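My questions all concern the structure below.
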């Protein structure tokens, strides 16, 4: 089994869905197990830090890192895994673009702490205890990871070779990725596993000339299953989102939320979507534009649902440009 | 503090466009009292821009403004000359530069005192105060008209007042303290 | 509709007749007027001549008091209307005014919580009730009554709601009530109200040119919208006529008085008996 | 904020009206602050938020977008698209932590050189009040985290001597 | 982007730039930038030696990109593009940094200015790296010209093009040509009779075989671009068969509405019927039926007296509107002006006092063929003893129009002369400033002063009636006194305003208007005839108020622009345009409705958007909106703009 692939899977700031998604490949998981030796998978097997640190650089063939980077521990592990892996894969939307946890960048760490440790009705915290990195316990000093001021995507912290998009990635996408790795039939570095064009390319809904007269939220209407959702006033991220998910949402009459990340030529998923949609608002003067725009609840949260940390405004390499 | 008189006028709300004047005289031509003025409105603007502060503030012409705003409405350059007249009057009053005129001083201060005292105006008390300040013989002049007003039920016998007079006094004082600007 | 009523000082004194007719008319029109609580004098033309900031702060207090309640502020007096509108304009336009007013308010326990709309009574009647409805409500048309309409200055300038040179509102209203509106070039010429006490020579001339044209065109009466204008043209008319050797008297009535008559209200209910120049003779035309 | 903070402002101006308006400010020799750097586009309808975000990423403290007045567009109605986008872009920027003072969209015609100067002046003044734009590069504890990482590496290095591979 | 060879040239523009910006320092620092191999500063880059320097460097040093830091690209971009082409480089490999209009002329502090200039140069250097050669497109030119408006400017332009042997379609909204000038009596400063100089030209228009005249017609649609416009014109029914009508006027005499409708041509001073001859010298001299007042057309009930009276059976009530379509290479817009309605300034009593009239009414009054047969008369038929002329009514006034209407001072002086000439009246002119700047104008003013006209420096503020007589209230500003001057007749010299439908016309033609509402020229000094849309030219008062000599000059200038295009036979059109990358387009259709020129279509087979390059004008709105980033705009693409932004902010 010497030429079996050495695989590491790590879970950072994410919901855990990505790990489940790997299991979700059903019988194909067996194929994965056949092709690969899992050298690290904290959710499934017991590992200690030192087990990892003891590994030689290059001793891991492929690391599937899921989740965004929010704490010093996640950064530390990302760097340690990177140092030891030949191929680093940002696995899932959170690792690739920050994902849902990335929405935390809309507020500051202090605001989050205030909500969690102070302001919620059920919080009783008279001493105003906040997360700290050091704690002098009775048995000595304890160390906890630092929670960073913002959420980083994996590639803002370490060099990433490939991206497997999705929240979570579909079994098909995972299998495509694994197959490529196993067979050594690798795409150019930096590639995203999925289509290249946007979701609209393969969307079968009927499209006409677009005009938006009012923004609606999915619960407000029962959308016509045959017609373009955007034309019905639902903000659909399809036009800026990479194809390859198999239309899981739109097939269920729900607008796309963009979990497959930006399509090939899209540099800022949220900004592009917002601009495209604003351009087709059916208004001709400033007042009605402002009124209509106001009916779109939470533009940043919708347009950047999965990619806020990769918005141009947040897109820096950690520790410098 | 001010570069010149123009600068001073321009620092008050309504005075800012004075440099735009093209001396067309629409203000004077529209003014119902300019016929009685030594310095017509247009000329006053010229004098301001020539930095002749004392000449302007001394002149009783500025007290001839009837506040009809016709000059303001018609000015082709958007100058609010009625507001400028007000500014000139307040400066003349503050610096006590105006030529002596008992009628004007007495009437304006009587009115202002009444507001400070009661918060509201009533003509009977105003005329009484005004006459006493100038020439009590004036009361005889106002007498017949006053009687008619009383007979027609158009004179307030009990002076009106407001509940929170202290507040009115306070805001007036605070405004005065702040230089009246 | 509920409105906030800012009568101004005159309507509680020399213009009681105006107040009476206002109350009568608004009742007929099913408008509810609630007096702005504890309002103060707007400062008229006097305060702005003496102190710039005081002239802002006085009307501003009224707005602050009015902002506590709901409804537009309705003003029957041209001078008060202009004072209140002007402070609104100044606060919107000049930061320094805004800041100083709020600062002083802060120290005096006042707070401007909103910006109520300031409207003249004539404006409210024309816009909210409307000519059509008024026409339908007329019980006694002012037929054969020849009037000239005198809007005065501050209803239309500098921030008024009608054309500053040739206002139409009053003409339209009087025509709707059935009166014959005569052409009148003095519609917005100043009556000299602010000068009548201190510089009567100037003011008398202004009063005379208004009265003279109204007589020349054959008006039965001059219709006004402001207690200052009314006082000037009515109470001083005898003195002015003596000075310029005129013999004819012209009654000066408030638009609300004529409106009340047309709507079928009683003459005395409308304060018509309070005119120094009695309008009754002229009103015989309409019975 | 620093005493002599001079904000950097990016101006994106349409060729036909606003750029010409800025030219007019020049030919009229009107003086306005040198804080603005102007980039020309053919129409304000060309402006996409990417350009605006890029500016902030590159260290701008403010962005001014200006086009022809509605109705006067050289391309019939390109500026109508601009005005559709503005309210949403403003909201997006505010949501992601960029103060509203930092983004302005205005109309400046080819004849409004003076207005252009005034707008720049006002914007510089407004931005000076709120201070420089803080890049969202994360917190100051980056260095601490890095130190922690370095030390763990040392631990790993020491561990290597007697350890063996697992898994 | 390595391996590029960029040349940077910093222009001093004499002291215009160098007086504020340290040009040599900018050039020195620019030399350090990545990719820059040559960096120089020079006194006048636009001069021959300056351009030669660029050409030489391209050849000798192998430059492949050029940055010129100088004045606005709106000024000299074409100049330097040519210089690049002279050196063998494509002109679009140039980028200009505007360090004059945007830096030296607007910045006080020299250090700040130098810093800003350098930033702009950095932006330009960054941007030019992404420039691609673009070939300018050339298209053949249709040699017909459309002239809209047949007043003096339009007539002049039409005749000139037609006389050069080319087809002209002359479109006039009214039923006759001649415009406002046809209403005038005399023209300043020579006092030529307006009809004597205009009528021959009008007749020429009617007779020139190259001119196709369409009266009662309006342009409703313009498609295409310079060299190849397609114009749609709507011709209203006139209910008169022009072939048969001789203009005898029998129908006018017979019309039962005779003398009941105010006659527009006489500015309401006379009355006409529903069938009428506009004026004796009208071209075409045909009867007109006024469909707003004709009883048959409005109420379907009439004795048809006109039909009975017409010996040639020329009246035909069954006419309908006709739509014409023309292909032309260029368009000359000469739609003229509207006169300010003096009722908008009620203080002057226009419309209230019958003896307050406007300038055009006065023209009609003094015109021998006008309503009073050339006599200056008051409403009661007597001659005035005293006349006031008020300048600037509606002009130079924030409440109405801020601009100076330019012709009123001179026409007022003319009016004064006419009054003096026709009557014994005293004349008072109320003016703010006298502006008599043309050839022979000051001399004319001088002459009229000597005729005894009272010039009062002060704007007439109000016209009132006192004791049955008009009085003008004004300040005599030179006296410093308020005056009331009693007069019998007041002439309000009102502003020249943009046509009320100017906005609609601008939209139909796709041109811009300036803040005053007149059509916008490309450059107020150097290009006052062309609009910002290639191939559309302006003549006369539709661009700004002007007098007859200037209107004629501009008409000729516009004609020469048209003729120049025709002579070239082909035109270059801006190569900046958008295109779709098929490999990125997902067919979402967001772009389709955004194009104002309808240049984007969705190919129903490939389901990809396609842009018609000939129609696209390159505004880039579609590229900004494309969610997929599939649309590129040449010369204004994202990589270029982003690089420039990075540079200017560095």
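When the chains are written out, they are named A, B, C, D and E in that same order, and each has its own residue count from 1.
FYI, a contact is a pair of C-beta atoms (placed from the backbone, for glycine too) under 8 Å apart; a residue touches a chain by one contact, two chains touch by 3 or more.
Since the model is a prediction, treat every value here as computed from it, not as a measurement.
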For subunit A and subunit E, chains touching each: D
Chains touching both subunit D and subunit E, listed by label: A
Chain located farthest away, centre of subunit C as origin (C-alpha): A
Chain pair with the higher count of C-beta pairs in contact (C-E, B-C): B-C
Farthest chain relative to subunit B (centres taken as mean CA coordinates): A
Subunit A and subunit B, separation of their C-alpha mean positions in angstrom: 70
Geometric centre distance via CA averages, subunit E-subunit C, whole Å: 47
Centre distance in Å when subunit C and subunit D are each reduced to the mean of their C-alpha atoms: 53
Rounded Å distance between subunit A and subunit D, as computed from the means of their C-alpha atoms: 26
Multi-partner residues of subunit E (each touching 2 or more other chains): 347, 594, 621, 624-625, 638
Per-residue overlap in subunit D, given as positions that touch at least 2 other chains: 48, 50, 54, 77, 81
Where subunit B touches two or more other chains at once, by residue number: 73
Chains that touch, pairwise: A-D, A-E, B-C, B-E, C-E, D-E
Subunit C-facing residues of subunit E, complex: 345-347, 349, 352, 464-465
Touching residues on subunit B, where the partner in the complex is subunit C: 12-13, 32-33, 36, 63-64, 66-70, 72-73, 80, 82, 86-87, 89-90, 93-94, 101, 103-104, 107-108, 111-112, 115, 119-124, 127, 130, 145, 148-149, 152-156, 160, 162-164, 167-168, 170-172, 174-176, 178-181
Parts of subunit A lying in touch with subunit D, wherever the complex brings them together: 37-40, 45, 47, 49-56, 59, 72, 75-76, 79-80, 105-106, 109, 146, 148-150, 152, 267-268, 270-272, 274-275, 277-279, 281, 283-286, 289-290, 293-294, 296, 298-301, 303-304, 308, 311-316, 318-320
Subunit D partner contacts - residues on subunit E that touch it in the complex: 72-75, 98, 100-103, 105-109, 112-113, 115-116, 119-120, 123, 503, 507, 510, 512-515, 520, 532-533, 576, 594, 596-597, 617-621, 623-625, 633, 636, 638, 641-642, 644-646, 648-650
Complex contacts: residues of subunit A adjacent to subunit E: 196-201, 207-211, 230, 238-240, 243, 263-267, 272-273, 275-276, 279-280
